[in-house]
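Chain IDs A, B, C and D follow the sequence of writing; residue 1 opens each chain.
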Amino acid sequence: MSTFGTHFRVTTYGESHCRSVGCIIDGVPPGMELTEDDIQPQLTRRRPGQSAITTPRNEQDIVEIQSGTEFGVTLGTPIGMLVRNKDQRPKDYGNSTMDLFPRPSHADWTYLEKYGIKASSGGGRSSARETIARVAAGAIAEKYLTLSHGIEIVAFVSSVGPVHMFPPTALHPTPSANPAFLDLIETITRETVDKFVPVRCPNEEASKRMEKEIEEVRDDHDSIGGTVTCVIRNVLSGLGEPCFEKMEAMLAQAMLSIPACKGFEIGSGFGGGEVRGSKHNDPFVVAPEVPPMETGASRNGTKRPKLTTKTNNSGGIQGGITNGAPIYFRVVFKSAATIGKAQETAMYNGEGMGTLEAKGRHDPCVVPRAVPIVEAMAALVVMDALMIQQAREQSRRVLPPLKKKDPPNGEKSVGVNGV
Amino acid sequence: MSTFGTHFRVTTYGESHCRSVGCIIDGVPPGMELTEDDIQPQLTRRRPGQSAITTPRNEQDIVEIQSGTEFGVTLGTPIGMLVRNKDQRPKDYGNSTMDLFPRPSHADWTYLEKYGIKASSGGGRSSARETIARVAAGAIAEKYLTLSHGIEIVAFVSSVGPVHMFPPTALHPTPSANPAFLDLIETITRETVDKFVPVRCPNEEASKRMEKEIEEVRDDHDSIGGTVTCVIRNVLSGLGEPCFEKMEAMLAQAMLSIPACKGFEIGSGFGGGEVRGSKHNDPFVVAPEVPPMETGASRNGTKRPKLTTKTNNSGGIQGGITNGAPIYFRVVFKSAATIGKAQETAMYNGEGMGTLEAKGRHDPCVVPRAVPIVEAMAALVVMDALMIQQAREQSRRVLPPLKKKDPPNGEKSVGVNGV
Amino acid sequence: MSTFGTHFRVTTYGESHCRSVGCIIDGVPPGMELTEDDIQPQLTRRRPGQSAITTPRNEQDIVEIQSGTEFGVTLGTPIGMLVRNKDQRPKDYGNSTMDLFPRPSHADWTYLEKYGIKASSGGGRSSARETIARVAAGAIAEKYLTLSHGIEIVAFVSSVGPVHMFPPTALHPTPSANPAFLDLIETITRETVDKFVPVRCPNEEASKRMEKEIEEVRDDHDSIGGTVTCVIRNVLSGLGEPCFEKMEAMLAQAMLSIPACKGFEIGSGFGGGEVRGSKHNDPFVVAPEVPPMETGASRNGTKRPKLTTKTNNSGGIQGGITNGAPIYFRVVFKSAATIGKAQETAMYNGEGMGTLEAKGRHDPCVVPRAVPIVEAMAALVVMDALMIQQAREQSRRVLPPLKKKDPPNGEKSVGVNGV
Amino acid sequence: MSTFGTHFRVTTYGESHCRSVGCIIDGVPPGMELTEDDIQPQLTRRRPGQSAITTPRNEQDIVEIQSGTEFGVTLGTPIGMLVRNKDQRPKDYGNSTMDLFPRPSHADWTYLEKYGIKASSGGGRSSARETIARVAAGAIAEKYLTLSHGIEIVAFVSSVGPVHMFPPTALHPTPSANPAFLDLIETITRETVDKFVPVRCPNEEASKRMEKEIEEVRDDHDSIGGTVTCVIRNVLSGLGEPCFEKMEAMLAQAMLSIPACKGFEIGSGFGGGEVRGSKHNDPFVVAPEVPPMETGASRNGTKRPKLTTKTNNSGGIQGGITNGAPIYFRVVFKSAATIGKAQETAMYNGEGMGTLEAKGRHDPCVVPRAVPIVEAMAALVVMDALMIQQAREQSRRVLPPLKKKDPPNGEKSVGVNGV
C-alpha cells in the first residue's frame, strides 16, 4: 500500500502524468514551527536538472502545505501537502516504440500484469516523481528529530559503478573495518556533501573519478548505479520494535522501497558474516561525560545512556534496538532501466521481438539524487520508532513504583529500572 | 510490534523462560487440509541439537494447533498454535558474570534500555526461540502456496565465514553473474539441501570446508556467521504493492527481522550497482509454452504470463512487482554474540569494566539452522502479497467491461487489459 | 487517526481555514470508469445553502481528482482528491466572545485539551468541512458497489426533534415492527428522498411538520437534531469480519465518527431488546427465484444465496455477517452546538463565567445534510467488507478440492462447501 | 479481523470445540505487577452457571498466562493467554435437527455463506466462548487504567425485556435527563452491582421484576434481551482520535462487536435528538478543587482539567474527545437465538421447511453475563486511546517552546498551550 509508518503515518499519491503528487501525514506532533521553507530545500536537492550529468529537465517542484498548520505552527492534525506536475496531460500512446515494447528491467510490464491497465507513463507509481512525497514527509520528520533530540541524518554517495570511496583492501575488507570510514561518519554534514555536487561523494579524488565515470556512461547513452551510505547520529537508545519491526528491518524495508534499490546492509553488513564473534562483538564501555545538547528532550530531563560501545560493528543496533551509537548503513541502486542504447526485447503482445530505443534524455546515474531520498526514508523510520518508544516510556512513567518484594520461592528481587 | 502481514496476519508471543511460544494467524483461507504434520517438519529442521556442530540441547519443540481447524481442515478462523517451553522457570540472577555484564553485541543492554526491566534471559524476545512461531506460521503459508500455485521456496547456506560456495572470480564477480549459480537456483530442492546437514550447503567440497571452519570456531569457544541464499520459484506475476510494500521491500524487512541478520540483497544485489544498464537490463522474451502445473490455480484458469526475461538480474522483481521469474536473494548473518571466550566489557551499572565468560555450550554457527527461518519468512511475504493481489484481481473481475471509447481530444483508446 | 478501511483505505486531511480539504484512497479497483462527475452530485447534496432552512453560505465545493485515473478510468493506484476552501485565511482571535469562551458542547475545549494548541476555528477537525472528504470517497465506493453488485444505499431523515416519520404506536413500538417502514426500505430511492428537499423525509405530512419545527428553531436562534435511517440493498451474503469487525460494528464506528452522531441501532435495535426470541428470530425460507441483475458479478457467475429470511429483525446481519437481506439502521444526531442564543458558560482561562452569543447564521438542523454523509460512510464500510470477502473467496477458489474422506474415529464427513 | 486496538493490540483465537481460546496482547506497558489473579475475577463474572436463571453448565474457565511476565511483573513483551476448552472434540453432525436447519437469527447460515465450510458448532467464532479472550484482555487494560489514572469502569443491567430500571416518564423521557440516573453513575461500584446477582441490576425492585421476567421466559423455553449501561469515571480529558477513531466511534465498534448487541447510544443518545441545543448544550464551569488521587499519573504531575461541564448530555465526550466528565453509554442485546421452542424454518439445502427444536438447556437471558464483557471492551477502547494520547503528549513535551512571535499581517499571537 501507499502508507508508511504507524504513529507518524505517511500516505502518498501521484504518478507522472496526473495533476499533482502529494501526501498526507497523520500523527505530526502539535506545537512545532513548520512552513514550506522547512521542506523545500530537500525537494530541491532531489530535483532533476542540477548539473550537466543529471537529466536536463528543470522542474520546479514547489511544495504547498494544504492543512495541519496555522501561523506556521503544527496543529497536530493531518498535514496535506502537494507538488503540482507541470505536464499533467496523460500521454497518448500507440505510435512509438515505447508503446510496443515494455522497457527491459523497468516496471512497464509488471504494472500491466498487476493492474491489467496500462498507464500512459508505463510504470505508473514506479515513476521517480513518486519519491517527491517521501522527501517532503521526511523533511518534517527530520525537523522534529532535530528540534527534539538533535538527531542528524546525512547520506552520501559511496560508489558509482566500480568506483568506490572506500574500496576493499587486505587490511580493511569492508568500510566498517576502516578507521577513515568510521571517522567520516562521525563528522560528515550535508553542507560538506553538497560541496561535492553533482556527485555528492565527499572525497575530492573519488568524486572526480565518479564524475568521469558518469560522463562516459552518459556519452554512451547508457546508465550506471552505485551505493549510498547513510549515518544517523544522536539517536536515543531503545528505539526499534521486536520482533518484526526491528530498527534494521524497518530501515531495510524503507530503503528497498526506493525505486532501483537492490540491497541494504547495516553496520558491518555482508562483511560481518566473515569475521568471528570475538572480533565482531562490540564491547561495552562507560559512556564519557558530555555536555547535554540544547534540545527539547534534554530540557525535559532525557539523559544519554550510561554505556556505549568501544567498536561499532553493530551499526548502532543490537537485537533490533538502538544502543545510542551512530546508526550507519549502505544501500545499492542498480543502473536506471531507461537508456538510449538500442535493446532487443519482446513486444507487449507476445508476438515477437524488436528493438527499443528510448527517446529523450535520461539520467545516466540517479545515485546522487537518491541521497535526499535515503535521508528522508531514514527520517521516517526513526520518527516512527521514536514515537512508539515515547509512547511506551510515557505509559510506564505513570505507573506506580513496584513494591519492593521478594520473588516467589525465595528467588532474587526482580531487576526493574536497573539491575 | 509482533505482527507480520496484512491479509495473512501472524502475531507471535513468547520468550525463553515462559510457558510456551506461539502465534495466532488470522486470514488463513478456509477449506485447506492442515494438521500438525504439515508444520512439524520445518520446526524440526530449525531445532537445535541436530549435530555435533550445533548446540547439543535436544529440545523437542512439538507444535499444537489450538483452533481454526476441524477434522484436519481449516475453518477460515484464526489458527492458534503453541510450542511449550521445557524450561519454564525464569532464572534467578545476581550471582553470575552474565548478571553483571550485558553481553557485547547481544540484546541484553538494549532491552533494558527499551523496557526498563531486565528479563531473566537478558535479551527477552531477541531469543532464538522467538523464531519458532515464525517457522510454524511459515509452514502454513507454504502449504497454501504449494497447493494453490505450485510455489517452491528453497534456502541453503551459501557461505560460512570466509568460505563461499560461489566465491567471486574475475569472470563472475557476483553469484548472479555465475551460470552455475543460476542453474542451481532453478533446480535445488530441500531434499538436496538436507543431504548436506549439518551445514546445508549443497556442494560437497564447500560443505566440507564450512564444516571444518565451524569445528575450528567451536573448539576456539568462538562463533562465526555466514550467508543464506533463497529462491522462490513459480511465483505469479503481479505480486508486490507499490510504493512502500514492494516485494523486495517486504522481503528485506522480513529477513532483517530475523535475529543476527545484517544485510539483504535481491537479484544482482550489491554487484548490480557496478554494471551498466545495457548489461544489467533483463530483455523480455516470449515465454515458452509449458504444460500447466497441477495446481488449484491452474484448474481455476489462472495462466502463466506471456513474457519472461532472458536474464534475471532483477531477481524476479521489477518496480517492486514480481514478473514470474524466480525470485532469489541473499542474506547475511553475523557471528552469534554469546561466546565462551573471555571478553572485556563494562558492567550494567556503569561502574567499571570486567571480564565476561559465557557459561554453557553455544551454537558456534547458527547459519544452518537459519535456513528454515529464511524459508518461513519468505513464505509469509509471498503469501501476504498473493492474497492482496488476489483481492485486487477479484475486485476487477466483477466490474463490467469498459465501454469501447475514444479518449477525450481525439486521443487513442485506453489500454485496458492489454495494450 | 484519519484513516478508515483496510482494503479500500481512505485517509483524509483538512480543517476549516486551510487551503483545501481532501483525501487519498488506496485500494481502488483498477479498470473502473470514474470522473469528477461521479463524485460531485453527493458533494452537492451535502453542501450548505440548499434552502432557507439551512445555512445561507453558498460554497461551491468542487472536487478535483489529482491522481489515480487516466482517460476517465481508474489505474488501481491511489486516488488523490481535493476541494479548495474558499476562505483559506486562518482567523485572528482575541477580540470576540468566541475567543474567550469555549462553545458549550462543541469541540473547542477538548481540541485544546488534546493538542495543547488552539486552531483559529476552535474545533479543528471537528468542522463539518471534514465530512467533504468522506462524501467524495464514499461516492467512489458506491460507484463500484453499484457497477459490480447492483448495491443501492439510500438514507433519509426519519425524525427532526420530536417529529417522527414512524412514531411509536402500541401496535408498532419500533419502526422495524411496522410493515409500512419495512415496505418503504424495500423501495425508497434517492430521487424520492430529494423530492422532499430541504428536509429529505420521504413523507409529505411528516416532512411538512419537520420543516415547521426547523423554522421555529431557526427563528429562536436555536438548533435541533434528529435521526437518519439508511438502507443498503442487494448486499451479498458473507460480508463482515468476525470478531471485532462485524458488519454492524464497522457501521457503528462509521456512523458514530460523523460529527454530532450520538447513537446507532441496527435492525430491530433498542426495540429488539424488549421482545422474546421466539418472536424476534427471523425464520429462514427458500429464496424466491429472481432474474439475475445485470452486474459485473452476475456476469462473473456470482449467485444470490439459496435462503433468505421471512422477517428481518436482524437488519440483514447475523453473527456480524450479512445474510443477503436488506441492511437497515438508524442513527441519531444531536442539535448543533453553535447557536445564536445567549449561553452562560466558563472562560477558557478558568477565571470565571460569562455570556457567549455566537455571531453569524448557523444551521438550525444539520440532519438533512447528514443524509449523504451517512450514505458515504455506509458505502465505505460495505466496500471494505466486500473487498476482504472477495479476497477470502478467491483464496479459497484456487485451492484444490478436499479429498473425500471420513473424519477420524468414524465420524461423519466434513461439510465443506455445503452441508 | 480478530485484532482490536492499535497500541494496546489484542488478537484473539478460538471457537467452541477447539483446544483452547486465547489471545495475545501486544503493547502492554512494562513494569506493571500482573498475575492471573488480576484476570480471573472478571472471567468468573462472565462464566455461565452462576445461578438458576443462567445456563447450568459449570465450566471453570481458568486463565493461564503464557508469556510477557516474570516474577509477576510485565516485561513489555506480548502477553499470551489461554483458557482451555473442556469439550475439545468437534461434534459430529448429520443426525439431529440442528444439522439440518440453520438456527434462525443465529450465525450458522452466515458462517457457511462466508467460509464455505460448516464448523461443528455451527456459528464458529460467533460462539459466546470467543468473549473469554476479550474479558481476559480487558482485565489487564483495566488494571493499568486504575493504577495509572484511577479510572473506574462499571456496567450494570438497565433493562430486561420490557422491564426498565429507569422507565421513560413525562418529566424524564430518557435516563440521561433523570437526576436519579445521573447520581447513580457517579457512585455505582461493581461490588454494589454484584449484590444483585444473578440479574446485576442495582435496584431492589427492578431487579426482582427482571428476575421474574427471566424465569417466565426460561419456563417458556424462550429467551429475552435487555440493555446494559456502563460508566467510565476519572477519564482524562483529551482522549479519542479525530476523525474516524473518535472516542464514541470506538466504543460503538467495540460494543456492536459483542455477540447479540444491536445498538449503542452515548450520553443523551437517541433522546438527545429530540431536544434543542439551548437545552442540550453542556455549559462549562470552573472545575472544583479536589485533592489529587493517589495514582501513578498524579505522582507524575498530571493535572485534572481546569473546566468541567455543568450538565453531561455529552456523556463525557465532545467532538470525539473526552472532556474529563464521566463517559456513560447504553447498549442493547437482543434475545438469544437458540431457544427450546419449536421454530418453522428452512433447511440448509434449500429443499424445504421443517421444525427446529434446540436440545439442551440454554441461557434464557445473556444480559447479566454481558456486564463484564461490556466493561472489558470499554477498557480496551480507553486503554488504546490513552496510549495514543500519551504518545502525542510526550512527542509535544520534548519540543522546544515556540518563539514568542506575532503572526503574519499583524494578527494576534498564536494560542499555544493556552489561549
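To be clear about the criterion, a residue touches a chain if its C-beta (ideal position, glycine included) is under 8 Å from a C-beta of that chain, and two chains touch if they have at least 3 such contacts.
According to UniProt, the chain labels map to these proteins: A, B, C, D = Chorismate synthase.
This one's a predicted model, so the numbers in the text were calculated from it and none came from an experiment.
Enquirer: Going by the contact rule set out at the top, which chains touch both subunit B and subunit D?
Expert: Per touch definition, common to subunit B and subunit D: A, C.
Enquirer: Counting C-beta pairs in contact, does C-D beat B-C or the other way around?
Expert: C-D is joined by more C-beta pairs in contact.
Enquirer: Subunit B to subunit C: how many Å between their CA centres?
Expert: Once rounded, the distance between the two centres reads 43 Å.
Enquirer: Determine the centre-to-centre distance between subunit C and subunit D, using the mean Cα coordinates as centres, and give it in whole Å.
Expert: Each chain's C-alpha centroid was found; their separation is 23 Å.
Enquirer: So which stretches of subunit A touch two or more other chains?
Expert: Within subunit A, residues 1-3, 6, 12, 27, 30-31, 70-71, 73, 76-77, 114-117, 124-125, 242, 392-393, 396, 407, 411, 414, 416-417 contact more than one other chain.
Enquirer: Going by the contact rule at the top, pick out the subunit B residues touching subunit C in the complex.
Expert: Residue list for subunit B touching subunit C: 6-7, 27, 29-33, 70-73, 76-77, 144, 147-149, 242, 295-297, 299-300, 302, 387-388, 390-400, 402-403, 407-408, 411, 414, 416-417.
Enquirer: Using the touch definition up top, name the residues of subunit D that touch subunit B in the complex.
Expert: Subunit D reaches subunit B through residues 1-3, 9, 11-15, 17-24, 26-27, 30-31, 64-71, 73-80, 82, 90, 114-117, 119-120, 124-125.
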